[in-house]
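Two complexes are shown next, each including chain A; its partner changes from chain B in the first to chain C in the second.
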Partner chain A sequence: MASLVAKDAEREAPRGLGHVAFILVMVAVAAVVFMITRSIGNSYAFFAAYVVVQYMVLGTAWNILGGYTGYVNFGVTAFFAIGAYSTVVLHKLTPWMPLPAMILIGGVMAALVGLGTGYLTLRLRGVFFSIATLALAVVVQTLITNWDFVGGARGAYVMRPRIAPLIGGDYIQYLFLVMLGLCVIALATARAIERSALGYGFAAIRDDEAAAEASGVPTLGLKLIATALSGGFMGMAGAPLPYYVTYLDPSSGFSLNYAVNAIAMPLIGGTSSWLGPIVGAILVGGLQEYIRVTISSAVNVLVAGVLMVAFVILAPQGIVGLFQRKKR
Partner chain B sequence: MDASADLLINALISGLLLGGFYAAVSVGVAISFGMLDIVNIAHPAVILLGSYVAFIGNTVFGIDPILATVITLPVFYLLGMVAYQVYYVAFERRDDQSLRGLSFFFGILFIAEVGLILSFGVDYRSVQAWYVSGNLNLGIIELPWRLLVPFLLGMAMVVGLQLYLSRTFIGRAIQAVAQDQQALRLMAANPTKIKRIAFGLSFATAALGGAALIIIQPVEPSIGREYIGRVFAICVLGGLGSFPGMMIAAVTLGIVENLTATFFGPSWAPAVAFGVLLVTLAVRPSGILGR
Partner chain C sequence: MTALLHVEKVGKRFGGFVALQDIDLEVQPGERLGLIGPNGSGKSTLVNCICGTLRNEQGSVSFGGAAMDGLTAHQRTRLGLARSFQLPRPFGSLTLAENLRIPILYAVNARGERTLSGAAIDARCLELLGQVGLADKARQMPRDLTQIEMRKLELARAMAADPKLLISDEAMAGLSHAEVDEILALLIRLNGQGVTVIMIEHIMRAVMAFSQRLAVLVAGRKIADGDPKAVVREPEVVRAYLGE
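And now, the complex of A and B:
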């Protein structure tokens, strides 16, 4: 898939495909990926591929705020877990509800939390927002740990249906398909933002917020849109998680790994375009799966942190940036 | 005496003592964030490193946990200078502090946490010393040594640093770097060198803060994250870079957290710092004693 996407980007380099054509290409790529994974005929392939695609969504979501406007959200786990726990609640209250509806609700909940945090802190310097999001992760974890309805500190069991709806086969295939669809939506959104007035507004904020404000760019409004969109996609990425793990407790739902991966992948791939998080997710996610199998699962979590530190010091433009510089 | 009034007085006193400890862990951030404008979110990880140094010194070599970190102060100081040098070359000089500089410290925080898990496991570790148990009896009130010693350590650190910053040439230069780098350069002092020294100091305070932490409670590698919200809430509430403000903020947070733990249960205490931080940022971002 990496080469497919890369080729696609090269071909469309200067002006690019229209939005509809891009979505069609992405859907085709997703369909091919799904068929390949299915042809392996092994449910491990689905479990591994699900994780990588989930990180594509998380990385793209983080990049909408971090890469496009330059505001760093460290509270990825808070938004991700809000999505996951809203599914736990819905599973208990309305077990008949289809998964996509649950994902939508989880996304809306996370977007609202993003909006609230952003409204209180985004009028100040960017670092205050970053610090607030770090603290947000702790406070959401405290709330969930104290909330008995979703299992509190003990955790919650979520029974996964045996058979996948619509496509048949194991339920993990359905989860993977849904996550692929979410990924296509997230990518199309990110790319559409890049090429719209919204994207230029975001870039103006990133490059010089004071100048943007002085030129009449509604900076607070734009930042709130970015925060809500970014938080919403993180929540949506987390919503299917309870069905994936079947047992969710606060310490695994709020694992720092999610935050580090979601931040590391765009920074490694490159933050300036939608392609960066995808490249980063494939590279880091793939490497992690490989190390988990060959060396140990303790070392595999270190990979993202070490690579991220190395990249921000040595190659601040990421892999996509290195590639573009060579081409010029 | 009425039972709840008794509880209240106890919560107030131990909150005050806790505040002194919070000052010990926050004073490094008051220097790095408040004076140098470097958002070192990995500071709690350095504090935890100090805790594990105290743990090793105590269990392997059988020395006092505070003494163990005092011995390693030069190492932490050098570590801080190296960290600043990397930060300066990679981010400050390129003027890229906000996105990549922050992510750099986040990566360090994560690597330190995983490194500690790989070397010490996720079990809680504690130290042995005469002051870890027992109370100082002052008639009607009993003060646990476990809280009193970190409180005194924190007070000593803050007073010592305040004297250093106001009385010595380098100390005044550190305060000057926060206000006007250009003017400092005109006084023939190198701002980068001054900042390097200050960041080394900030790391050194973290070592002592780590000793205080492991005296107050047993530690495990991920506990540092709880302190990120706390130390930054204290520094922001105190009005960045002001030690007296930081002291007031630390004691306030200590008391509010203790009251919360007493009347609503200890599992709610971590949420208090976030509430304080959000309210401060929304209502008075310059802090209580801010300029």
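And now, the complex of A and C:
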């Protein structure tokens, strides 16, 4: 493992922006987005924008394993809910703990589960791996539903503070700000992976695992890195959820919507680049939030389904892929 | 002189089927060895056991004097053992240059003897593609290549790992007369640069032109090993190919 980490630091000559510059630009964009949302002067804007940004993180996390490495994970809700329920536990045990610390712990828990799942299932190829991840989601949901400490099937109430720390105003503003920060970290990580030896190793695994191994790529080790990173970011995306919904029960924490959207958004945006999940999340997530208030809260699920089918058939490279092909 | 590759009493079964039995094989540094045998005689299985893609149940394989048993395929590649696949298996979503970048990043750099980065990797990729005559296609995708170009890419990717031993698994199958000569010249040139080469091939013209020594596998056993001209006249070899 040590040699893997050493190589990760060895990046190719950066195309376009360097890593630090990219992070600064992203922070600036996040700050502008936050100021715009605040200027609307309506809590609902924060609630809607939070969901879109949450899906950016979730889609980016899914894409690290599904898009870069080629392993399709149907068990998104398992990792997402582990993050969420880890916050429920922390809220009961250590209510004074700051939210970023809870997110970090939730992420570590989900990453560990990702590592374990990866170790047990990564010898399965293709669709068999996907089925195993689906089974994981069912197993985790059953365990949580029967765990009384976190409310079991009844669910748990998590009261959010009335006032946001640091920035003042409604607490949802703070939740949104934290999620924006998480999104910047997830994007910077995904983009750094794409340009590093790690990204090339992932791509080799996706294209042909035997040829990758014959070229010196430690496939099992790299796949474990991918499952841990992917699971970890999913957990972090889920960790603030209890404060967002204030009442969390298994059927909402493990809602199929999360899994469908986390897969649909990278596929629609394009799986080859960090930009894909962002484009997908803005398009699908934005459309869903719009339809939720204008037409019906049930129709919004249809959006992801219909768009996903359309893109898989008409533009399998996603929106980003369409533009890349034009450039070439 | 110690052998570069030493295969000792290697045996491999698939269920009840004995694919390899008691295979002994030595390859000296710098040697050009031909390995022939009818279809299904176990040539590719032997390659897979040597390279770590399959685990042999019996016997052992050592490389450069050290036993490799239990090492994974990527660890063996890092030791200096490279192979080309019988059916080309390029990384389809990467350009030709990026295809070669993988073994440079994960075999050459991981080995730690020299570490290439940035522009040095790009230059090395172009140099390798130049050696096989694909330099002008560096930015193309593998799907744009012809069959022989695919074989050349396969060999270039194996060479990108800076191997001591290259195993070429039927790199010439299905190629035209002139194309066979091209690949043949390429392999001999690599050997001239100090790389030991094992060539598995059905095209006897190429095998006889290439091999300094010839080994024959039939039904999972090695039945002959020695001077190519003498080996192809051995009655057992003739019988295996032509029948009684």
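The criterion applied here is as follows: the second predicted complex is superposed on the first by the 314 of 328 C-alpha atoms of A that agree within 3 Å, B and C clash if a C-alpha of one lies under 4 Å from a C-alpha of the other, contacts with A are read in each partner's own complex, and residues count from 1 in each chain.
Everything below uses one rule, namely that a contact is a pair of C-beta atoms (placed from the backbone, for glycine too) under 8 Å apart; a residue touches a chain by one contact, two chains touch by 3 or more.
Because the structure is predicted, anything quoted here is derived from the model rather than measured.
Chemist: Look at where chain B and chain C land on chain A after superposing the complexes, then choose clash or fit.
Modeler: With chain A as the common anchor, chain B and chain C both fit in the superposed model.
Chemist: Tell me which partner A:A262 touches in the superposition: chain B (first), chain C (second), both or neither.
Modeler: neither
Chemist: For A:L120, using the defined touch cut-off, is the partner it touches chain B, chain C, both, or neither? Pick first, second, both or neither.
Modeler: first
Chemist: Just checking: does A:I225 make contact with chain B only, chain C only, both, or neither of them? Give me first, second, both or neither.
Modeler: neither
Chemist: Quick one: classify A:I193 as touching chain B (first), chain C (second), both or neither.
Modeler: neither
Chemist: Looking at A:V150 after the superposition, I want to know if it touches chain B, chain C, both of them or none. Which is it: first, second, both, neither?
Modeler: Neither chain B nor chain C is touched by A:V150.
Chemist: Which partner does A:A203 reach: the first (chain B), the second (chain C), both, or neither?
Modeler: In the superposition, A:A203 touches chain C alone.
Chemist: So in the superposed three-chain picture, is A:M308 touching just chain B, just chain C, both, or none of them (first/second/both/neither)?
Modeler: Only chain B is touched by A:M308; chain C is not.
Chemist: Applying the touch criterion given at the start, work out whether A:V138 contacts chain B, chain C, both or neither, answering first, second, both or neither.
Modeler: Touch partner of A:V138: chain B, not chain C.
Chemist: Could you let me know whether more residues of chain A are touched by chain B or by chain C?
Modeler: Looking at chain B versus chain C, the one contacting more residues of chain A is B.
Chemist: What's the minimum Cα gap, in whole angstrom, linking chain B and chain C in the superposed view?
Modeler: 8
Chemist: For chain C, which residues are in contact with chain A within the complex?
Modeler: Those residues of chain C that touch chain A are 51, 53, 72-74, 77-78, 82-83, 85, 89-94, 98, 101-103, 105-110, 115, 117-119, 121, 157-158, 160-161.
Chemist: For chain A, which residues are in contact with chain B within the complex?
Modeler: 66, 70, 72, 74, 117, 120-121, 124, 126-128, 130-132, 134-139, 141-143, 145-146, 153, 256, 259-260, 263-264, 267, 271, 298-299, 301-302, 304-306, 308-309, 312-313, 316
Chemist: Can you list the chain B residues touching chain A in their complex?
Modeler: By the definition above, chain B touches chain A via 39, 41, 86, 90-91, 94, 96, 98-104, 106-108, 110-111, 113-115, 117-118, 222, 225-226, 228-229, 232-233, 236, 265, 267-268, 270-271, 273-275, 277-278, 281-282, 285.
Chemist: Once bound in the complex, which stretches of chain A touch chain C?
Modeler: It comes out as residues 3, 7, 10, 12-13, 197, 200-201, 203-204, 206-208, 210-220, 272.
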